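Paired with chain B in one complex and with chain C in the other, chain A is shared by the two complexes that follow.
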Partner chain A sequence: MKFLGFIVVCLTGALLLYGTGDFSNWGDPNSPASLHLSNEYIERALEETQVPNLVTAVLADYRGFDTMFETAVIFCAGLACFLLLRDFREKKQRFYRHIPTGVILHVKNSKKVLPVGREFEHIDKDWVPSDLIIKTVCRILVPFIQIYAMYVVAHGDFSPGGGFQGGVIFGSSLILIAISYDLKILVRRIKEKVFGIFAAVGVLIYVGIAALCMPMGGNFLDYSKLAPLLPGDPHHVRALGMLGVEIGVGIAVTAVMVIIYINIVSEGRLEEGL
Partner chain B sequence: MDNYPALIVVTPLLAALLAGLAAWIEDRLSYPIALMGLALSTFFAFKVLMQVIGSGTIHYRMAGWAPPMGIEYTIDLLNALVLLLVSGIAFLNLIASYPSVNQETNDRAASFYTIYLLFVTGLLGVTATGDLFNLYVLIEITSLTSYAMVALGDRDRGPIASLNYVFIGVIGASFYLLGVGYLYLKTGSLNMADVAHILSGIQGSSTVLVGFILCMLGIWIKMALFPMHVWLPNAYTYSPVAFSRVVAPLMTKVMVYVMIRLMVTVFGLDYIFNTLHLADAAVWLATIAILAGGVMALAQKNLKKMLTYIIVCEIGYMVGGAWMGNQLGMTGAILHIVNDALMTFALFLAVGNMVYKLKTIDLPDLKGLFGKMPWTMAGFVLAALSIIGVPPTCGFFSKWYLLLGALEAGAYHFAAALIISSLICAILFFKVFEICFFESLAGGHETAHGVVEIEEAPVSMLIVSGLVSLSIIVVGLYSGTIVNSIILPFLK
Partner chain C sequence: MTDSLPYIVAKYNYWLYVILMMIGLYAMIAKNNLIKKLVGMNIFQTAIILFYVSIGYKTDATIPIIQNAHGGHDAHAAVIHAADYINPLPHVLMLTAIVVSVATFGVAMALAVRIYQRYQTLEEDELRMRISEE
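What follows is the complex of A and B.
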């Protein structure tokens, strides 16, 4: 079987090599790929969409339909993680830590949460005291990371960036809270439900903006028809539409990042884990 | 309204998101939202089919950009037909599946409906699009959702089956994407019509040839053509019944559609059959697939798994027909997409009803089922006869076209495989009938899970099952109309 696999790999490699025989030269300005569509995008995108960043213009406008489904793919990934990993069963054993003394109570086979009062905290099996230096540094860093994330989302149409990157950065700031403190702290501040709703709302913003163009008399995703609804210069309406969908993407990506993280590290319990 | 083409795909997507949101407020809201979304989508698909038959191909520009720059939906007779098929089957299955979903995945029903809708969105998008890369994105959605669904099935074997499916499915999708990359390198375009136009000038290029082979390999892996089928039987057997009923008839058939679309629209039949000399090899591969699928089906002890091997066999029919290189074979392949989707759906509906009552589907556990579930079994028999190819069921007519095509092309080995596989299917199904009909059953039903009282399945499941079984005969009787008004005009 291994030998068979080796033969298949060799054949595939030979096929790929054979295909390279007719490739155009590296960086050749006369290759078909750089003659056909690229030129048109480069020449016309700024004029047609008023967005200086060509990548964003292609991503969110010319091929915005693809990007909408890419966002849906991310939503799928988050949903799949939730669906497969989330475990709603009750814990079998619980640990309580007496804060002033550090004594840990271990209760086996208890379905109920004991009324232990404020001096105790619930902890995990693999609980480690959080480090003061790490906590403090992360606490200072998190707001800056979040502001930077919002900048990346908002500035996507002028400079490299956009909803996907910004969303990932924002999500990582939340994950940093979970790592430096405790998963429970994050889930207590922002409920799981909120992440779930945000993931759907993010994609819904994209699809909603796109679908809104249809009753306004345009094709699906045709932002230019939204002009009557938006303030400012009607020429910029495409740029505004793109900003709208980028924000949607950012929200969805943030929420999905966190959903995937919290479900994987805690094996779906959202209580234990890192 | 001229937005119907977009709405067919966007309505289920919107419904999926709304169903997902509604689940956080009230669990029970998701089901009606899902039902509404698919009903609308089916309605739009029907409208579009009528429009295409009336006034020809529809071109719908996403965001209003002209084709090579933006993404375009090109809906001609073939995809209009497949769109109606996909949305219709998905809608009917949702009606029939309400009890099964509650039974099998009770605590995550809302997420189930959301994923289900996203899966259907993906299939519809794959069918409607006229853009090579957009096709890939939507294949990704269908695959991702089906991985999740399979893992949700059988507690022990579902996750393993899903993992297998993930590995092989990702390789398939990457092959397709790599092929599109090779094509982009030579054409600089992603729009199917535009690529086809440019390709007609550079037919000798080795890069185009490799791109073509890679695309075909990717799609073949996705449609489970033998020997790339290893993921399919376990994935479809161990997924939740409500999902296997929609994935078994639709996923492979949509991939066959993609193959035919690439062959006819993008590369052109002239390039494939006159410039390349791969057709004979592909027909041989299909012949082997038919025989291997049939033989492996014979060895199965579980009804659901047996049916999945029959799917592997049916894939061979369609691939062989499409690669036959004549109009009869292609007609047979396209007609078989419709027929096989209906037959497989009817079979899996019956299997779903059995699983709902019996909790098991191993062949020895089906004793005396004719007496206990007469209506379910009636639907099952009708679908089985159609798979065997008994006239006037629809399965006969597409097999007839395939057979004529094979004889015209001189592919006698394929014709022989068709007949042998019909015989194998006859043996398989009569074996099942024998167990269900002749072996007696007294009182309760004894299975590996203990004794279960069985009676007929819920009415909603039976109505859908009956409707689909009848449609097998109706489509069979009207197959001449389908061929003359849809398939032949498409192939011209």
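What follows is the complex of A and C.
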């Protein structure tokens, strides 16, 4: 099987390499991909949308439909993870550590819950609380990562960035809390339900902004018709519409990243795990 | 050999992606462990992403963010040459593809976790054995 696979792979690779002969050279400005649509985008996007970052302009405006359904795909992926893994059965056994003495308690009665705080802390069978240094460093880092994520979302129109990148950064800051402290602490601070609602709200913001253009007299996703609703220069209304859409994307991506993470590491129980 | 060398050097990016892609394809075909197959799939996706991004590259061009766009109305009047900026379209396509690939990878991992919960293994031959036993 391995040998057969190797032969198939070699043949496919040889065919693909043979096919590269018809491709244009690396960095050729006259390659077919750079001759038609992209020139239109580069030359006219700033004038039409007032957004200097062409990637954002194409992403959220010219190809807005595509991005909307990509966001829906991400939402569906989060939903699929939740439906596949989430397990609502209560765990029967719990482990606690008495902090002053370091004694570990094994509670077999699932009804009995010890108050977690200065005296006791949760531990799992195969997980121990992280080191003080790790906790402190991550606690200092997390707010800066989150501010940076918001900056990346807000400046998506003018510099590299946007909803997808900012959302992933924000989601990773929440995952960092779960790694450095405990999954339970993250889920206790922000309820699982909130993540689910945020994932849906993010997609709804996108679709809502797109649909709002229709009663204002334009097509679906035609941001320029939102001008009466938004303050400021009417020339910048497309940029503001894109910003709103990007915020929706960012919220959805953040929530879905966390949903995927918490469900996979704890096998859907949201109790044990990294 | 001496004839083909400049031919390869001019298109070396495609050669790298094809090699990377074939590593991923081989892992997907030949590996026995489902997680290793997933890693192969991710390598394959990365090769495609790199391939797209390299298509957008132009020699002597800069990133697709219009320069001096903040300089008031005079700057807006300046003519923008398409040859000065690399092609934004592949970047847009791959930007969404990266995030979607992360999300679909999450679904694949979730499926792997479910398979492990049920059959206690991720090796394909053992899986086949246990499924036939049932």
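Keep this in mind: the second predicted complex is superposed on the first by the 239 of 274 C-alpha atoms of A that agree within 3 Å, B and C clash if a C-alpha of one lies under 4 Å from a C-alpha of the other, contacts with A are read in each partner's own complex, and residues count from 1 in each chain.
Here is the rule we go by: a contact is a pair of C-beta atoms (placed from the backbone, for glycine too) under 8 Å apart; a residue touches a chain by one contact, two chains touch by 3 or more.
Everything numeric here is computed off the predicted structure, so don't read it as measured data.
Of the two partner chains placed around the shared chain by superposition, chain B is the only one that A:Ile197 touches, whereas chain C remains out of contact.
Legend: residue contacts after superposition of the two complexes on their common chain; A:Tyr148 is shown touching neither chain B nor chain C.
In the superposition on chain A, no contact is made by A:Tyr181 with either chain B or chain C. By the touch criterion defined above, A:Phe88 reaches chain B but does not reach chain C. Using the contact criterion defined above for the overlaid structures, shared-chain residue A:Phe23 touches chain B and also reaches chain C. In the superposed pair of complexes, A:Val8 makes contact with chain C only, with no contact to chain B. In the superposition on chain A, contact is made by A:Gly162 with chain C only, not with chain B.
Comparing which residues of chain A touch chain B with which touch chain C, the overlap comprises 16, 20-21, 23, 31, 33-34, 37-38, 41, 63, 66, 70, 73, 77, 80, 84. The touching residues of chain C, when paired with chain A in their complex, are 7, 10-15, 18-19, 21-22, 25-26, 29-30, 54-61, 63-67, 69-70, 76, 80-83, 85, 87-92, 95-96, 98-100, 102-104, 106-107, 109-111, 113-114, 117.
Per the touch definition, chain A reaches chain B in the complex via residues 15-16, 18-24, 31-38, 40-41, 61-66, 69-70, 72-73, 75-77, 79-80, 82-84, 88, 193, 196-197, 199-201, 203-204, 207, 210-211, 214, 218-224. Those residues of chain A that touch chain C in the shared complex are 1-2, 5-6, 8-10, 12-13, 16-17, 20-21, 23, 25-29, 31, 33-34, 37-39, 41-43, 45-47, 52-55, 57-59, 63, 66-67, 70, 73-74, 77-78, 80-81, 84-85, 158-160, 162, 164-165, 167-168, 253, 256-257, 260-261, 263-264, 267-268. By the touch criterion given at the top, residues 3, 6-7, 10, 13-14, 17-18, 20-21, 24, 60-65, 68-71, 107-108, 111-112, 114-115, 118, 121, 125, 133-134, 137-138, 140-141, 144-145, 147-148, 151-152, 159, 182, 184-189, 198, 205-211, 213-214 of chain B touch chain A in their complex.
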